[in-house]
Every structure is written in C-alpha cells, then in structure tokens.
C-alpha cells in the first residue's frame, strides 16, 4: 500500500509533526484528492498553537489538519457518480448532512449537523486528502492552480459581500471593510468589482493596508491613527457606509462598524470575536434600522459559481494576497510566516 | 380666540398639569385636529415621570405631550391640498424632513432630521393638536373611532412583524414574541393573521400572558417559571423560532431571543434596552447566519395600508388590548393605571 | 417473485389497461413504495386520452402512469441512507439530476435535466412504485393518509402563491385566483391562510365556484356572467389585485389576469396554455411595472415544509377538494369522473 | 414681461415651430429652470412626426415639448422650500400626484394619476421650462452640465438594470441587452459597472453595435447576421443569460429575449412594442420560471442617487453616446439627425 506525508497533530499540545501514513481510501460518496496546494487559515494557526479554542473544538488527536485545498482527483469511492479521476478540484470545507431542515431548504452551509474538513475529519496538509464528492468543486479554466486553494476563503468574502439578502446594496453604495487579513482583502476587491462606491479599508497593519490599496480600496484607514467612524462619516457627507463587511472579529471594531453604518444599512459579520460583544442597540441598530447579518461559510454552491466567475474572468486578481509559498516539509517556516503579521495568504505545496 | 385644555409639562419635574391654552392655528402644510382619543405610550410615562431619558430628550418645557392620536380635522393651513376639514384621521408621529437621502429613497421613517409629535412638538393630550397634513392618515370605514388612536403602536407591531425584508418568513413558520405589552400583544395577533405557525408569547406578567392567549398565541410562556429558550426549542423539534419579535427591551430577553432563533432566522428588535447589550455573536448570530433587524416607527405609508387592512377587515381585533378609557381630566388616574402593570392600552378621551 | 397490478399505457392509443407485473426492485438511491393513494392529475387525463401533448411527450409505451402519490416504503435500494422501510411518504415528482447549475444553486425543480415520475419513469397507478429516495418526503403526523397524495398538487399551489420572490405581497393584499380546478382551489385556501385580503376566485364551472367559497374565497366570480376585470377593479377601488394566481392556462384568462393586476402587482403563471399567448405588454405590464413569474413544480424542499405546515396544523383543510375515491380496478370510472367537470380531485386507492 | 423662444407643436400635424412666448411663472410648488441642455427622446420624434401614438396621447396643441432637461433654477414659486435659485438641476419627468396608493407606498413613478413633462405639460425645448420642485434633482459635482440632460434616460437604463427586485442577479452573471439605442447603450455600461459577466449587446445597426463595444459590451451581436438566441446559449454553455434587458420594443426581439433567458432568469421589459406581443409562455416562461418585469421611468429618487453615483464617479462615461449637439434654432437638423439612424443621443442647447 502506498504511503504519503501528512502534517499531524500527534499530541494535544502546540506544534505538529510531518509523518508517514498510508494513503487513505475514499469511502462511499468520497473522492481521494492529490493535493496541489493547501493554504493556511487562521483556524490552522489556532490548531497548530493548540490554543483554548482548538483544545475545545478538535474532537481527537492524532489528526491531520488543513482545509483550504485544491488538487487532482486520484480515485473515487463507491456511490460517486459525477466526479471523475483527473478532475482538478477545490474543496468546499463544510460537510453537510443533506437531510436536516436547513439542508433541505437550500442552506446546507448552516446544516444542523455540520462537520468541517481538517477539523472534524483528516485534512489537507498532506500529499493526499479524502473529501466528499459533493464537496469537490471542479475549478475549470481561467483559474491558476496556485490560486484554486484560496477559492474557499475567497468564497467567504464573496458570501459576506453578497450577504444573505442578495447584495444589491453593494451597487453604487459606499462599503467599509473592517479588517484586511486575506478575507478582508478579497472583500475589498469583490466590493469594487461589484459596483460599490466608495470602498473603505480599515486595518492597523501598514503592510495589509498597502495591500488593500492594491486590491482596489478607495480609502485605506489606519484605525490607530484616526477614528474610522469619523472618516467614513466625513467621506460620505455624514450618511455612513451603506454596507459594512466585518472581517476582524475585534469587539471594538464591531462596535465601530455599527457606528459608521448608514441609516437602513447592512453589516455582515464574518470575523469571530473572542468573547461576547457589547453593542449600543438603541442608537446604532434600532433607530437606524440597521440589518446585522451573521455570515459563515459559503452558499452551496451559488457562492462557488460567483467565486469562479470573479476569478476566471479576471474581475478580481488574488495574486497580491498570496504573499508566500512553501513546500510542505518547510511547514514550520510556513506557520511562522503566517503568524508573523507580515504575510497575507501563505500556501503550502506538497509537490514542492 | 377659542381656548382648549392641554396636558402640559409645565416644569422640568415629574407630573403634568391640565391647563387652558389658545387653540393653535395650523401653519403651512399643517392641519388642526380635534382629538377624539389619545392613547398612552411608554414614552408618555417616561415624560410624565420625567425620568433620565425624558430629561435628556425633551427639548423644552412647557410642552404638551401625547402622540398616539385620532380625531377629526377641524381646519387646514396654507399649502394643504389633500386633507379636508371633517376627515377622521390618525396621526403618523414621525415628522420627516422629506428631502434627506433616506426620505428621498422611500424610508422617511428613518429620516436624518426626524422629529416626533408630542416630543419635539406640542402633542395630543389636549382638545386639539396640530399635525403636518402629510402625517394625517385618513382612517376610513371599518375601524371604530376608539380603535383609531392605537393604529400608531399597532403599526409598530406590523412593521416589526413584516421586518425590513418583507415578512415572507412569517408564513407557515414558528414566531416568538418577547414582551407582551400592547405592541407585543398586537404582534401576536398580527403574526397569527399572517399565517405564522406557531406563535410563542413570552411574558412574565400573568395578566398580559392571558391577553396574549386571547390575541391568538399558541403557547404563552412565563420566563420566570421556565426557560423560554428551552421551551421554544423543544416545541420546534430543536430548530427554534424562524422569527423572533423582540418587544421587551430587556437585555436578558434579547440575549435569549438570539438563542431561541432558528439557524438562518430573523429577529426584529423594537424594544429599547436601557443600556448597551452584550451578545454571543459567534454562536447565536454568525454561525447561525441570523439576521438581526432594527425596527423603528412605521413605513410611510405602506405600514398604514397594512394596518388599515388588518383592522378594517377584522383580521385582527384590538379590543382585548384596550383595557381602560378615561376622560382627559382624569389623567392622573389614567397614568397611574398605565403604570400599574395591570393594564394594557389606556386611552384618554378629551370628549369624555 | 411477487407480482402487482399496474395501470399501463400498453399502446400508443387512448385508454389504459390494468395488467399484472413483477413488483419492481429499487435501484441505487431508490425506494419501493406500496401505494396507499394516487390522485389523478390533468396530465394523467392527457396520457389516458393520448392527446397531442401526450403523443409528443411520453418517451415510450408500455409504461405505467400516475405521479401524485403517497404510501409506505417497503424496501430500499443500495445507497439509500436516510429513508427507512415503514416510513409513510409522499413523492416529489420532479426527478432532478443534482449536478447541473440550477440544481447546484438550490433550484432543483427547474433542473436542466429534469425527469418526471409517471411520465419519464413508471408511475404510481399501481400497487407499488419506485421513486428516488431523495424524492420521498416523510409525511409526519397530522396529515390524513388519504390527503397525502394531494400534497404534490397542493405544493404547486403553495409555490405559486409564494412565487419566486417570497410571497410577502400576499400579506393584507387582494389576491385573484383564476381557474378553480384542484390547484386553484388549494390556492384560494392558501392565500386566505397566509393573510391575503380579499380573495377573488374566477371560475365558470358553478360546482367549482361553490367549492371556492368553501375554501375561503371572499368573492367567487363567474367570468361567463360578468367581466372579472371589472369586478376586481370595482371591488378594489380601482387598484386591482396585488397578486394574480393564474391556474387556468386559458389564453383569454391570462390576458384578463394582466388587466386586473394592480400597478406594481405580481402574477404567477402556473396554468399551461395550449399555444402561444398574446399580451398587451405596454399597458398591462410595462407601464404598470407588473411582475410576471413563471411557476412550475415545487421548491425542493422548502415548498414541502410549507405544505406540511399548512396541512398538518389545520390551517388549510383539503377535504372539500377531494370529491371522489375509487379502488384501482375501477380506474375507468375514476378517469371518467375526473374528466366530467363535476369532480375536483379524484383519488385512486390500490388497497380499495 | 420677458419673452423666450419655445419649440411648439402649433398644429395637430407633423413638424414644429420655434415661437416667441412670455417666460412662464412658476406656480405653487414649482420652479422655473433656464434650460442648459435638452436631449431628444424617441417620444419627441413621435410628437414631432405627429404619428398615431402622438395623436392619441398629446392632450392639446399648441404645446411645447421636450423633457430630458438640465438647467439652472431661475425662480421659485410659492410653497417651494428646498430648491433655491441658482441650483443646477436635472428633471425627473414623471409628475406624480403624491397621494394615491402607489405614491403613498414609495412607488410614485407608477402613480395612478401620472403626468409627463413635455407631454401633459409644456416642456423643455425652450429657453425656460417650469417643473415641480419635487421633480428637480440637484445634479451636484462631477457631472458635466452637458451630460446632465441625459440623466433621465440614463435613469431608465439604471432602473431596468436594477429591476424591481434589486438587481443582485446582475452580479457575476451573463446579461443580454437587446436594442442599442441610447438607453440600451447606457444599460450595457451600467451592467458592466455593476459586476455583470458577460455582457451581450444585440443590435442590427452597425454604428450602434460599435458604440456598444465602446460602452463595454463583451460581445456585440448582429441579429440580422446570426441568431442571437443561439449565440447567447453557445457562449453561456447552454445556460442562457441570467438577465435580459429588453430595450428594443421589437416583438420578435422580445420573443427572442425569452428564449435566450436562463432557467430562473429575469427579463426587464422597457422598450415599448407597437402592438400586442405573442409569447411562448409554456416553454419560455412557466417551465423556466422566468421573471418578466415591466419597467417604466425611474424610482423616485433611488434611481437618481444611483445615476448620480455612476456618472459622478466615472464608473460610467456617457460621452460616446452623445453623438450630436445643436443650438435650439437648428432644431430641424437636430430632429433629422436623431431620426437618421446614424446618431445615438442628440442634444439641443438653447444657449447655442
């Protein structure tokens, strides 16, 4: 039986180990993917560091982590009818049950029995990964293989931008993006491509602020140097941003987001705060008739179609956001870089 | 010149005085209304008590308060073209500027320069009140004059029920109403009339809980006796309420509202909390993709059309909610009753 | 091997034959259902009569027809994970491919590779029928087994009433239903249950008009006796119906539907006309900003959840619409009755 | 009293006359505008030619026509509070009553008592025109005065592109524009600016097709040389266009529009056909679940805000569409050019 390398949490402790394992076999409804690229998500940093969240969330060790992945289908298990070996695919990482009430009404991404690739199952920082066939998205022409592994977080940004109501409010309206990690940077470019005017990018890290400019932000704002609420209000004649896309998870920034929001505006919350958040509901939500929308994952598979269109047609170019690439065996360096604050998206390439 | 009685805040202190004043003259675009009925709102209790909110919000004394009003147009000022003396009208109490960006896009109820009748202008606890002609809604047939003064708070409940997205999610879905003051009681009946299934009514006061049953609640819940989150989840097979209508303004209840909300559900916030509110955004909003909607006032005048339809056709009967009626001169008794917790809606009748 | 009775088109000619066949075996992803009740649809009449449409549409004979069906799962094939033998189910009759672009975006009912049970596959006028497991809807408590076979056409009416935009425009608005065959009759009751005001039912057949009254129509209209456009306009102060649900497929009625539609109104087209239809787009669609929505099938499975709620809670009672029941062997009588114009829904019961 | 020149229909016959008239005085709620530019609409050509439509529609002669206008407010009448002399304005040409049910629900552009500037009132091919203050849109910075007169037809295109449902379906989707007169040309650029992919422009006139390319069409199609339905289907992998914007009013093109529409797609109808139109509702609307939306005028004033944003920020440049400019006295030439088929938008400049 063939073997492969896999980056494993071998103990309930910080760090990870590159180990040799049997190549897994795809089960019913599953496909085996030879990994071309797997990018590092904030979640992966938590798992690597084994912080409090990871200790509470990861069901068991040893396990292989990593979930933002693209690669080639190598083999398919029984009950797989529509994906063939040889297909180049990216993975939707939300594994839905398909039969609960949300799944049965077209909202599988908020499945009541949701499992996550590389969290609840063995993941993609490896030569091979097994994913459900239903989660394999055929990438198609026009998207560089190196870019396909970021379709998953890019999809997060697409879903946050469109919101759960359709996204019509992006059109011709001022949009503020709070937090310019990779998903925020993607969101800046997406808002721009979808007809927003004007796009504010709020981010304390100067490298990321510079990247936001490259991605099309009309006005990058350093919240440590000026009050972002004041700037957004001033630049919109006091109206505020019609749409706020909250990507930071910072409690203070979330509060500021409600304050820079226009009357009748919409705020998508995607960034995960560390704890409960305190808000002025009266003045910033109720009297304003704000709409605050929780956003998670990607609509299956409307978001993937939108993602594919935006990337394959060149409406958005993700190149500036992919700042580093490492072969799998240099994973220590890859994680250190991703955690350094000087990188945006870091990709791990098992093929070197 | 004719005179009239008016209930005035004559000093920046608790209480109010019934005084004799000249009948006001309607100015440009205004109409003079002979008051048939004016109902007491929570806001009026704050003004009467001169609590902290009232001290900060009321621009000046002396002033006449009261804003939930219906009556007959007695005279019209210059520039009034479409309302005639003799018309029986209820008053929209949000006085919009008509020219700001929200007004110009059909959202006058969240006007940037909003003024409130009986707060920023002289109000309706009087024999006569002046209102802008644009705010006079002709009541039409099928609505008892005594009921017309509650069209304004009923409209609040209609607007909260429909939400800012249309209200389709009421249809066939479980709906939880938190807080059964008059607006909550109206909301129970409205949800029922608009095809909701099933309607939960959460309220500690047993009198109000009994009224909720009369208004059509399928399941009244006493949150002091059992955990309303548990009850709602249990009664919905663990799914939760697709729609939560928050009318209490109680911080703990708002938090509970997010917890009883279904995945992908919608929560309308209308009740005004005393201060900032702390929420678990991660589990109760983001991962659930909840939609939290601020609600204030009434859409001008779509809400009034809906209100008129619901009341004039008998789809909703507000009689059980109007628990007390007093002539204007017994205002002390009226306010004491309204504050007692044993009343729902208390109406003041200047005509006796 | 066990055998069963099946009503078959044995030749490309009018009529059908009750024959003895082997009980089929469910294939991959399929379930075998013992038929409790199968109701007769207009489509079945076309197939029985072998009219022009049937000649062009039915891929091959011999075949068993019938598709509105409820019964008990007797056996399941390989790759069936969530439906168990013994479950009482109704069948969604649109068999979707699951992988085309409309299927992948939550719109499987307009799948690009759609097949229909009892048209493209062997159907349900038989002791047993095989259906895809994904199409088996577990009926649950509160719906009489005899009523479950009409959940499929009832779902058509639900989907038409909600439309493709959500259905918020039903709430408190005048609704006209054109054509009161079974689906139109269901639509009358659904509009009523979902808060419509007032419901017009337009139908020349006096028996059906009487049934419309039983189902909750505020105003049944005989279009052979008076102009339905005039009546609807008169009864709505000249505004027209905010929603028109077109169930007749009659070209003249469709034109009338556009004329009775309010400015900004919505018309759901479900009835299938015999040929091309000529419309006054200028005055009845463009200047009015009408929305004309094509409606087919049922949303999978949002419509089924709505259907289940409306029926299981008693919000709608379909009893008056089910006018006749026949054992399978009296199929000639059943079809004659269904075609007579004196019946609404006719159910065939293989168990007698 | 000052006099002015005005282009008048002086008789119920073809042609028009430039005559000397008193400068009109603004009445209650009206403003007097000194005309900077007035552009020629198809409607104006009909009035000039005095075709059948004009004979039936124009209430009386003599009258001044022209309605696409921008200029400077010279004087204001009584009851005008928010527009000041000196303001540079464009005119919304739909004069709404403000009190009917559609006006009272934010849909004034489909007012039941709608009057049109330059059709029902004296228009703008003159040195001065009177318009209701409510119809005067302050143009603001960033829009060349010469471009402001086309904001009205540009707004038609904006409204058609957004549709009556919001316009979210433009985002990342293929869009077909049928008919590339000025409004169609605007629509091409608007769809492009709002994130559409890819934009088809269908137009037989080669000059206009070339302009469509300049405005950003991905694929101009000559319907006399190839079947536009085939081309759109081929270029979208058989799916069709998610959005069709029908600007031609050509019955055959409207039919083709339904055929090139994707399953579940949306078609905005803005072009006015000469007579009734015959459609295949079964296959092209019902089975597809197409949404056919009538579009007229502009939403007051959401469309104007969107128009202002698109033009003032340079998201769309209308320069290529404005092909000719003439002083008022050369009106004969201006109308001949506009009718020639070799022009797109022709502007008349009273100031020369």
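Letters A, B, C and D name the chains as they come in the text, with residue numbers starting at 1 for each one.
Rule of thumb we're sticking to: a residue touches a chain if its C-beta (ideal position, glycine included) is under 8 Å from a C-beta of that chain, and two chains touch if they have at least 3 such contacts.
Please read all numbers here as calculations on a predicted model, not as lab measurements.
Both subunit B and subunit C are touched by A, D. The chain pair B-D and the chain pair A-D differ in C-beta contact count, and the higher one is A-D.
Between the CA-based centres of subunit A and subunit D the separation comes to 42 Å, rounded to the whole angstrom.
For subunit A, residues touching at least two other chains, in rising order: 101, 305. Per the touch definition, subunit A reaches subunit D in the complex via residues 162, 166-168, 170-173, 193-195, 197-198, 305-306, 309-310, 313, 315. Those residues of subunit A lying in contact with subunit B across their complex are 101-102, 107, 109-110, 112, 164-165, 238-239, 254, 263-264, 269-270, 272-273, 276-282, 285-296.
Against subunit B, in their complex, subunit D makes its touches with residues 28, 78-79, 82, 98-99, 101, 104-106, 299-302, 304-305.
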